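Report on one structure; see the data block that follows.
Which chain is which? They are A, B, C and D, in the order written, and residues in each are numbered from 1.
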Amino acid sequence: MSHEHQPHLQHHFETPEQQFDAGKLGIWLFLATEILLFGGLFCAYAIYRASHPEVFVYAHQFLDKVLGGTNTVVLLCSSLTMAWAVRASQLGQRKLLIALLSLTLLGGFAFMGIKGIEYKQKWEHGLLPGTHFAPHDEHAAEAAPAPAAPSPTFKPSAAGPAGTVRGDEPAVSASGPHGKRPSNTQIFFGIYFLMTGLHAIHVLIGMGAIGWILVRSIRGDFGPEYFTPVDFVGLYWHLVDLIWIFLFPLLYLIH
Amino acid sequence: MDAGPGFWLPRQGSTSAAKVDFLFRAVTNISIFFFVLITVVLFYFVWKYRARPGHTAQPSADHNQKLEITWTVIPLLIVIWIFWEGFAGFLDLQTPPINAYEVQVLGQKWKWLFTYPNGVVDDNLHVPPDEPVRLVMTSQDVIHSLYMPEFRIKRDALPGRYEREWFQATAPGEYQIFCAEYCGTSHSGMIAKVIVHRSRPEFEAWLAEAGNFLDKLPPEKLWEGGQKLYNQRGCKQCHSVDGASGIGPSFKGIWGHQQPLTGGGSALVEENYVRESIVNPQAKIVAGYEPVMPTYQGRLKDKEITAIIAYLKTLE
Amino acid sequence: MRPKDHYLNHGSGFRSWAFTLDHKRIGVMYLVATLGSFLLGGLAALAVRTELISRGPTIMSADTYNKMFTLHGAVMVFLFIIPSIPAALGNFVLPLMLGAKDVAFPRLNLMSFWLWVAGALFCIGAVVTGGVDTGWTFYTPYSTTTNTNVIATTFGVFILGFSSIFTGMNFIVTIHKLRPPGMTWFKMPLFLWALYGTALIQVLATPVLAITLLLLIAERALGVGIFDPALGGDPVLFQHFFWFYSHPAVYIMILPAMGIISDVISIHARKHIFGYRFIALSSIAIAAFGFLVWGHHMFVSGQSGMANAIFSALTFSVAIPSAIKVFNWLATLYKGDIHLTTAMIYALMFIITFGIGGLTGLHLGALAVDVHLHDTYFVVAHFHYVMFGGTVIALLAGIHHWWPKMFGVMIDERLGRIGAALVFVGFNTTFFTQFVMGSHGMPRRYYDYLPQYEIYHRISTLGSYVMAAGFFLTAYYLIHSLFRGKPAPMNPWGGNSLEWHTASPPPYDNFAVTPVAEDPYDYSRLVPDKIAGGYTSQTYEGAGAR
Amino acid sequence: MSQPAHRQVGHVVPLPVLFGVLGTLLVMTYATVAITYYDFGRLNLWIALGIAVFKASLVLLFFMHLKYDKPFNAMVIIVSMALVMLLIAITLTDTKQYEPNRIPGYAPSIKTNPQ
């Protein structure tokens, strides 16, 4: 087999099909690792949602459903333009390919912009993860002292060395417009920021990759004979979309 | 019964040890059998079929379904048995009898504190013989693990939760306690003793005496008893003695001074105020702190509160 | 016999190595890098053993000791054992065994190596700038509260994880897509089956380690409390996450070792491997079961009784495929023609030491017994018998087996046997005593110990010195052979897998003619080559004559 | 659809399919939002997850060409998802079991925790 007419064929492959299939399997394996990476976070989510349902029901009210929903639509549409872009490159429609990639990239910018607005709101309200959690949207609640929590009495049956046992009830204080804040609310925001943050990093990486193939498609690198990078970046972008499809209902739409 | 230390295992100190040891020995013997079998066959083949002039490999089957299934099924049956025995033994180790005597255990860097039902706290674990003892464990900082090799039990003590283990000592004497979960600098120094008393009355006598240790202190040394109580009864977790802020106000230099209270007003720190704050902590809350202290009514005796007050006086 | 132009002299200078896409050179670089890590981890181990030679402080403080065993564990696990066989030997041998020119993604392969270097620099940087004292397991909340360099170390391990993932991806795709005509799945050398199983675990388990370490970094840097109870988190959850990777990781370490043993035993006994399918499928079975047993590290750590029972039962299921392999290896020796080369001696040693390691796993899988043995030296001895007595011994077997292929030279077999004897005696002295003191209750990671354990610690430390002597001797004759070794023939042991059908060392493009795959364990057509040494295949000669 | 004449690899997805998929995805997004205004008790979570799984499958099958791809690639994804399920299932079962041992609301380092 002569390799001279196939500039993209690497020396250790016999045919373009073999090379394409190998690349495709490689990228799917990579996507599998991404699923498992996020899987750890989904696992943490599942466990805390199961053990602290009241925290999730309370805290999700601070997320903006409209912004979250808009972002879902933005990502879905950018997925379409990406899938279409792969088609365009397969069919050798260069101008269409450039336009669609630009649209996809625009979608990425829109998503990150909206995400930025959401993060800023959380920051301003002190709705941050872990030790940084310092909500200050509940002025009303702080002005009028909460009804004194029932004084935690030591129950011998609670079985702890003297003085280290706190009240048994998951006490609540600081009632506000969103209801009473349960203890350990910071966990929700920890999970929220970790999941959306890791997802946002993936969006940024995807945007970088799209920018790169955009430059290459302007240069005219792709055509029916060779569109592998467009296809692979597309797969990655769809995976980012796919993860958001789960994140949106799990974080924003808790009932 | 073989209760003394052997080549493999330390002496048996608890009722569950014999059962654990039986399984240990059984598995060891199975292992030795297979190990010897493998080694003998190995050396025999290596000697018999060694390469030498004129010797070549002889053809033989390169697989044998029956043989291979045999040596799949036999180990399978053996491990099923081992699993079952291990599981049954574990259920025993995990399930304390209902009437067990309860001791609370707190692990902290790097010591164990054992709290008895009457409030006595000790660095070693004192127990009566021939009676089930349940340990309810937690940790103040990182994960520790309470391990008693002679009793064949071990369980992690974790912060933020209670773990349980139990044993029934079979013979009076001293037994070893280790911390088995790595916990930092003095991990290897986090060791203590189980002291199994000769009889229940002897144990009761020890417990009563330990509860009255203040009586043996001369009045001018009473503050030392207070300091011990401060360390052992949980005051330390919230109230510092060096001025550092904590969950509750520091004890440093408050004696004889006015403390501002939540909701206005102030209180002078003197005998009655301190006594009230221990017995009824919610009565007066120092400004800037949450009403979170549990009551110590019935947990600290009058004499003990007096000792704590004596200690507070020394913290100028 | 040695070709004029081969991969070692095909281009020279730093850049020709640093930017090479040749799997053989990348394999050699990995070999040097991992053996360097082995030296570092080994020196840390000697320091630990020397500290324990007597009670009380001997040569270092408690904090230094804690950092030292962490260094030993982290370096040995993440820098040495995980990449050693797959990334070093696997990289070199896998495409050759397939008759291919390279792995599927040579650039990714190179990136994997440089990621390893970056990760290693992070880890070693963390050590140089103060060390880390969490143990290689990074258990929370200790790791979230200690004031040592946890972030740098975990970030280094995070990067190493990606290095491992990329190697795994590469191997899976290569085995799927680059097998030569005629080589069906069940005609692959067993080492490839083992590497395939390993790669599956690398790809599917490592990402969970990555997210675990990211969460740990987030806890320390941002105060996000997923695992730290002081922040509302759950430390047992960390252990679930950690072992979800780190137990399968044990099979990343041992599976390729088993693959080496299958090939070495068959070739050096001049005998077709017995029960090929059982061995091949048991590799995949071990990889699959490996994902289902992680909870056996947590029997006393607060895991529920139900989970304990499930994990204990599943743990025993792993014993079966391992036992199958051992029996099949023994059966392979039957009626063979056993050449006691250094490689073969290590392979036979593997059966003995791995056998002890595997059998003592039965003690630890049994719930009631594990309660007593958990976190004692019994566990330390067990996993050293598996990791050292298994993986390292197999790595040594593999190195001696493929050394002539890699560098085109033969080693001094006499020194090889002496080295093997020293390693064997030293290893067993070091670690068998640890079984005994462990079952007597000596907890692991202890800086100091009670008087009744002193005799065991003494013997153990002496053993470690003997073992070290064995390794220095081995290092000596290996390096010596590079300069003074006899030139190696193409096929010194008479193997029939494809790597033996090219020159030693192989040319840059691996094969002059694309070879035809046949049964890799059929040695009937290989006859000793009286002139060149080693073996030659009649068909191959015939092909050359045409 | 006839095969394209020129030598190429991979499947070209027709435009109506792509737009049809997007339309379905948007409708499903609307549905998943709308459903939160009705109370089905515990079912709400499962309905939301079901919709998400359906949407994800559409993306995988059509946008990501899995329908036309080698089956092994689909298996890779299925196995990875199965492993995530395994991790979640076992840890969730275990944490549920030991939940009674935990001290409710324990988080001493969180200052804003209500006491």
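Here is the rule we use: a contact is a pair of C-beta atoms (placed from the backbone, for glycine too) under 8 Å apart; a residue touches a chain by one contact, two chains touch by 3 or more.
In this text the structure is predicted, and so the values were computed from the model without any measurement.
S.K.: From the Cα centroids, identify the chain that ends up most central relative to all protein Cα atoms.
M.R.: Centre-most chain by C-alpha means: C.
S.K.: Out of every possible chain pairing, which has the most C-beta contacts?
M.R.: B-C
S.K.: For chain A and chain C, let me know how many angstrom lie between their CA-based centres, rounded off.
M.R.: Measuring from centre to centre gives 36 Å for this pair.
S.K.: Distance between chain A and chain B based on Cα centroids, please, to the nearest Å.
M.R.: 42
S.K.: Quick one: which residues in chain A touch 2 or more of the other chains?
M.R.: Expected reply: 21, 25, 29, 32-33, 35-36, 39-40, 43, 47, 130-131, 149, 152, 160, 165-167, 183-184, 186.
S.K.: For chain C, write out the residues touching at least two other chains, lowest number first.
M.R.: Counting only residues that touch two or more other chains, chain C contributes 176, 204, 208, 225, 229-232, 234, 236-237, 241, 302, 305.
S.K.: Please set out, as single numbers or ranges, the residues of chain D touching at least two other chains.
M.R.: Residue numbers touching two or more other chains: 72, 79-80, 83, 87, 91, 95, 98, 101-103, 106-110, 113, 115.
S.K.: Where on chain C is chain B touching in the complex?
M.R.: Against chain B, chain C makes touches at 62-63, 66, 133, 135, 139, 141-142, 145-146, 229-230, 234-236, 269-278, 299-302, 305, 308-309, 312-313, 316-317, 319-320, 323-324, 326-328, 330-331, 333-340, 348, 351-352, 355-356, 359-360, 362-363, 365-372, 374-376, 436, 439-441, 443-450, 521, 523.
S.K.: Which of the residues in chain D come into contact with chain C in the complex?
M.R.: Against chain C, the touching part of chain D is residues 72, 79-80, 83, 86-87, 90-91, 93-95, 97-98, 101-102, 106-110, 113.
S.K.: Which bits of chain A are touching chain D when the two form their complex?
M.R.: It comes out as residues 16-17, 20-21, 24-25, 28-29, 31-33, 35-36, 39-40, 42-43, 46-47, 50-51, 65, 69, 72-73, 76-77, 79-80, 82-84, 86-87, 90-91, 130-131, 133-135, 146, 149, 152, 160, 165-174, 181-186, 224-225, 227, 231, 234-235, 238-239, 241-242, 245-246, 248-250, 253-255.
S.K.: Which residues of chain B touch chain C once you look at their complex with the stated criterion?
M.R.: Going through chain B, the ones touching chain C are 5, 7-10, 16, 19-20, 23-24, 27-28, 30-31, 34-35, 38-39, 41-42, 45-46, 49-51, 55-64, 67-68, 71-72, 75-76, 79-80, 82-83, 85-94, 141-143, 145, 147, 149-150, 152-156, 158-161, 163, 176, 178-189, 191.
S.K.: Could you please specify the touching residues of chain C with respect to chain D in the complex?
M.R.: Residues 176, 204, 208, 225, 228-232, 234, 236-237, 240-241, 244, 291-292, 295, 302-307, 310.
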